[in-house]
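By written order: A, B, C and D. Residues from 1 in each chain.
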Amino acid sequence: MSVAMPGKDRSTPTVGPPVAVPYRPTHARLGWRAGVVAAAGVVALAAAPFFLAPYATTTLTRMLVFALLAASLDLLVGIAGLPSLGHAAYFGVGAYAAGWVAAHGTPAAPVPLLIAAAAGALMAAAAGWVAVRSSGVFFLMLTLALAEVIQQLAESWEPVTGGSNGMYGIPAVTAAGEALTNVAYLHWYVLLWFLVGLLVLWSLSASPFGATLRGIRDNEPRMRAIGFPPFRYKLAAFVAAGAVAGLAGGLLAAQQRLVTPADLGFTTSALALLAVVIGGSGTIWGPCLGAALVILVRDSLAPSLGGRGPLVLGLVFIVVVYALPRGIAGLRRSRRERQPLSKAGERDE
Amino acid sequence: MSDVLRCVGVRRAFGALHAVDGVDLAVAQGARHALIGPNGAGKSTLLRLIAGGMRFTGGRIWFDGRDVTGTPEARRAQLGIGQTFQHSSLFRTLTAADNVALAVQRRRGRSWLPVPHRPAWAARVDEMLTLVGIEDRAHHLVETLSYAECRQLEVAVALAAEPRVLLLDEPAAGMSAASTAHLLDLLRGLPADITLIFVEHDLDLVFGLATDVTVLHLGRVLMSGTPADVQASAEVQRAYLGTGRRGDLFGTERTTGGEHVASST
Amino acid sequence: MKRAWDLWLERSGNKLGDYTVTTITADEGETPQTGVPAVQKLLQSDQVDVLVGIVNSSTALGVKNVVNEAKKLLLIANAGANDITGAARSPYIWRTSFSNSQVSAAMGKHLTGSGKTAYAIAPDYAAGTEAIAGFSNAFKAGGGTVLGESKPAFGKTQDYQPLLSRIQASGAQVTFSFFAGAEAVAFVKQYAQFGLSSRIPLYGSAVGVQTTLHYSTELDNPANKEFRSAYQAKYNAAPTVYAVQTWDAANVLSRALRTASGLQGEALAAALGTIGTIDDSPRGAWSFDGQSPKQTFYLRRVEKRGSAFVNVVVKDLGMSTQPS
Amino acid sequence: MVDWLDIGVIAVLNGLAIGLLLFVVAVGLSLVFGMMDVLNLAHGALFLTGAYVAWSVAGERPTWTGWLVALAVAAVSGALAGGGLSLLTGPLARRSHLAQALLTLGVALVVAQLLSAAFGDDVRGVNPPPGLTGTVAVAGNAYPTYRLALIGLGAGLALATYLVIERTSIGALVRATVADREMVAAVGVDARLIRVGVFAVGSALATTAGVLGSPIYNARPGLDSTILILALVVVVIGGLGSVRGALVAALLIGQIESTGRALLSDLASFLLFGALAIVLALRPRGLFASTIGGRP
């Protein structure tokens, strides 16, 4: 269906016929440079156990688990614009599910993780169904309230979750029959599933589904006018983020072999949020850097300050909010956007 | 010609104010139906009621023979009711092409895979941009577009969703004469199977495009009919100007007889 | 805890058995989230031979896997959860402190003599549940009846008025309570504010009331006198029950090292099994029953001595083992 | 058998005391949020500061003058802290709630740590002023006289705040700013003045409540987050920026915290957040949601 257009009068004289440049969505274009950086990162992470001391590798593994949680939160906060202050609940539920399956069902490799992701998704669906109706600060408060209820459940449902002592003595994950207790094997196991989780998140964010979420975040009335039902998309985003958080919880159970109500608590959610803000929301990979920084501060710096860890964290909170309005990733992106747009040319990555 | 859209006794009150007070409206398939009337007549409210952005306080609405009174806005859009907004509401941080792509994506299937380049969609996007005449601004951020170009983009986004009825809320508001003329050509060029319902104050555009006109006043239908009937009706002028002189309202002296054709509901 | 450990090393010329000792300390923090990584660091990067300490029960349980796989001995100097040396027992984890129900069982046994009715209250977390269980079993075994139990939310209750009126309404003659830290102070204060302390005597392991514990600074045995004066001289403060437990950990470890064949977990565990009674401990003679202490409990009452509060020993409640 | 009526009377009375105290804390938080969209997570730390002020000024055996001085010091320090906070959050006006939440959370952590460094980590008990330490027989049960006094004082403070906000011209200005900041600025009122003023008064109320609450809650680390959670629940259920909402919600939560815990003690820990989740599910903008100028 094309229509002959009568003469166009527009102020900007166009040189020759206007070049109809084929359309390619801006955010999905991954320049080759970003691809190379990502590949290098994965190789470095995989090689880590060879040249890092055992404890450093364990710390790195813990960073990966937390990074996946932060990345899943970023799908909600950065892409869908839903500020959740209770995302650790689905992380914890996944961890408990994985731990329970490993102890009572089978610790064979993928089973506990898949159950964890399913548990996270299920809990997120139930909570999301209520939470997603509200927006802004009410959503923030509702997610906080739901997370506190879930945490209280973990604390008082003693027979299953082990109550306030937590679920301890989770059997090690077995891959092809052999228990992964060696630090390096565990690291690779976590790295593999971290990449799977990250890939899922990245593909969601770069796909039309992600574009829709961004649209709903920026201009919900317009999206409704086009025909996107916002409630269903927000709920889908909440469940997807809950599933990946559950997966991260499964990795926590595999790595630390202990799950306590504190893992579901407000502090964990706030730290994950800090990681997203430090890393730069909306980029999925940004919060992973943020998570590494947060774990570094919490686990290595804090103890050496003689118990004044929370003071350090408090100061980091304040500094980050002022100094890095758009996080580490933001630094890179704002440089790119300041480039003048060529008339009809491609914006280079 | 069957009616593609029918409103019966549509009512919307804000407390004591009856913005829309029992409107009956029938829009034929393929019609270019204009809604005119002085400010505060309830034109925009009626449009939003049809689009589903606002809840009814009374009456029913049928679209394609289906009662859509209770259907939410997003579902009505999927059924084929497209709309542009009086204050243009676009995604300022995205490029023009991205804005249209969202609508195309909603229509052509929503996949979860990050396949960056979709030839079928890209062609559709370019087609829409070319149709409204801003194809060379495809990759510019909406922030950098001029006001007129934004209005054109709004139409492109609405059309990209392949609506069967397109609601336009004062499309020519704040446009220069040249841009308005351009918009007129654009709207005239739209395929016949798309029905247009538009609210507009620029009477040149109204009478240059409309096949039917409904005049609203204080939330009620004052008169519905062909453009000629409306121009001839003294009652419409009184509603607009409060005086009987026909000339200054419609600029040129019409040759139609002076007799008063009143057909108010 | 660290103070007592340093004191022991100082007096023994930095030797345990005939091994010279280098001590590496790590801060356990409040939650297992910081506690477990700290232990992992000690085992993996610092390659320590023996672990001593751990206050928090869930951290103690949480590190069971890590300690088992590293096959290193862990001497717990405080965490009281029953499972540590009960259901979740590990050959490498021994305890010189107490188990929650052991403490409250001693109180249960003591009060049954008076044939009274009781009301038990403790916060809703693992240690609280175990404390009430220990008390109720012992109390019922001795013929007493527990009229009611209630467990306020752990860490989230500041105002105990609702529970206090339940106690009053239940008509119990005695209240047993198990609180720690800030909650103990708040509960005891409000218990008095609501005028209950005059009518229903409060027993339990809370500060400022008649309590049962396996130690008191006022115990008059030679070992305790010497320990208390040395501790007071070095730190100008009275030793706490944590200090005694860590002191005994050093004592037990040095005895085991004298007979152990090596530093690995199995050798030390075997040696610990053979050291018999520890007669020079400030808390009085005690020995390992399984992997947890069998020790004497004392009934104590808090009295003001000058500016400080002191637990005067009222009665010796005899030896008691860790209830199953 | 447990005598329900007996528990009921005491519990309801106690709920009133706790509820009114919560109102004094929450009203400042609600107004600050309603006016400037600033989610102040440091509000709990202000309450804790008040409690420590009460302990350091009034001490273990307070005299009446000691108490009044404590209240004055707390009010002044609260006002100063409020002013400081409003300057701190000024540049963040355009940023999302998340940025403000994280900033104020950072401030709360820092303040809590400074307090624990200054006053140590164990509990600092504060006793009521002389004459209010005993108990009074109410429906056959003993009830601390201090809490009765607290009901009186709390009601007085609540009434005063309510009247100032609802009846005086300053109050009208505050409510106008809650409704539509831009319009108030357009009318020529210096919005910054209002904002610092409300932040200061709200914070002063929180620190004063800290002093009043210290005999019950005692000054201890961790009290700030407990009170913050309670205040947030009250503010959200009551509807942001609405004083009437905060009053009703505070009394409701007061009852849940006392009667609820007494009657349903095993569900106690779920009650608070269960109630919040239910209210938000039914009325996503709180019970008395004032339409805040059409902002999202």
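By our rule, a contact is a pair of C-beta atoms (placed from the backbone, for glycine too) under 8 Å apart; a residue touches a chain by one contact, two chains touch by 3 or more.
Please read all numbers here as calculations on a predicted model, not as lab measurements.
Between the contact lists of subunit A and subunit B, the overlap is empty. When chain centres are defined as mean Cα coordinates, B lies farthest from subunit D.
Averaged Cα coordinates give subunit B a centre that lies 78 Å from the centre of subunit C. If you average the Cα atoms of subunit A and of subunit C, the two centres end up 42 Å apart.
Annotation: 38 Å between the Cα-based centres of subunit C and subunit D. Subunit B and subunit D have centres, each the mean of its CA atoms, that are 51 Å apart. Multi-chain contact residues of subunit C (touching two or more other chains): 124, 153. Among the residues of subunit A, those in touch with two or more other chains are 152, 155-156.
The residues of subunit D that reach two or more other chains are 269, listed in rising order. Listed by label, the pairs of touching chains are A-B, A-C, A-D, C-D.
Partner subunit D is touched in their complex by these residues of subunit A: 77, 83, 85, 130, 133-138, 140-142, 144-146, 148-149, 152-153, 155-156, 266, 270, 273-274, 277, 308, 310-311, 313-318, 320-322, 325. Put simply, subunit B touches subunit A in their complex at residues 51, 53, 72-75, 77-78, 82-83, 85, 89-95, 97-98, 100-103, 105-107, 110-117, 121-122, 125-127, 129-131, 133, 135-136, 138-141, 144, 146, 157-158, 161, 178, 182, 185-186, 189-191.
For subunit A in complex with subunit B, the touching residues are 1-6, 8-11, 14, 18-26, 28-30, 202-212, 215, 218-219, 221-230, 341, 344-347. Within the complex formed with subunit D, the subunit C residues making contact are 124, 150-153, 155-159, 161-163, 165-166, 168-170, 181-182, 185-186, 189-190, 193-196.
Within the complex, the subunit D residues that touch subunit C are 2-3, 6-7, 10-11, 14, 18, 122-123, 125, 133, 135, 141-144, 146, 216-218, 220, 222-223, 226, 257-259, 261-262, 265-266, 268-269.
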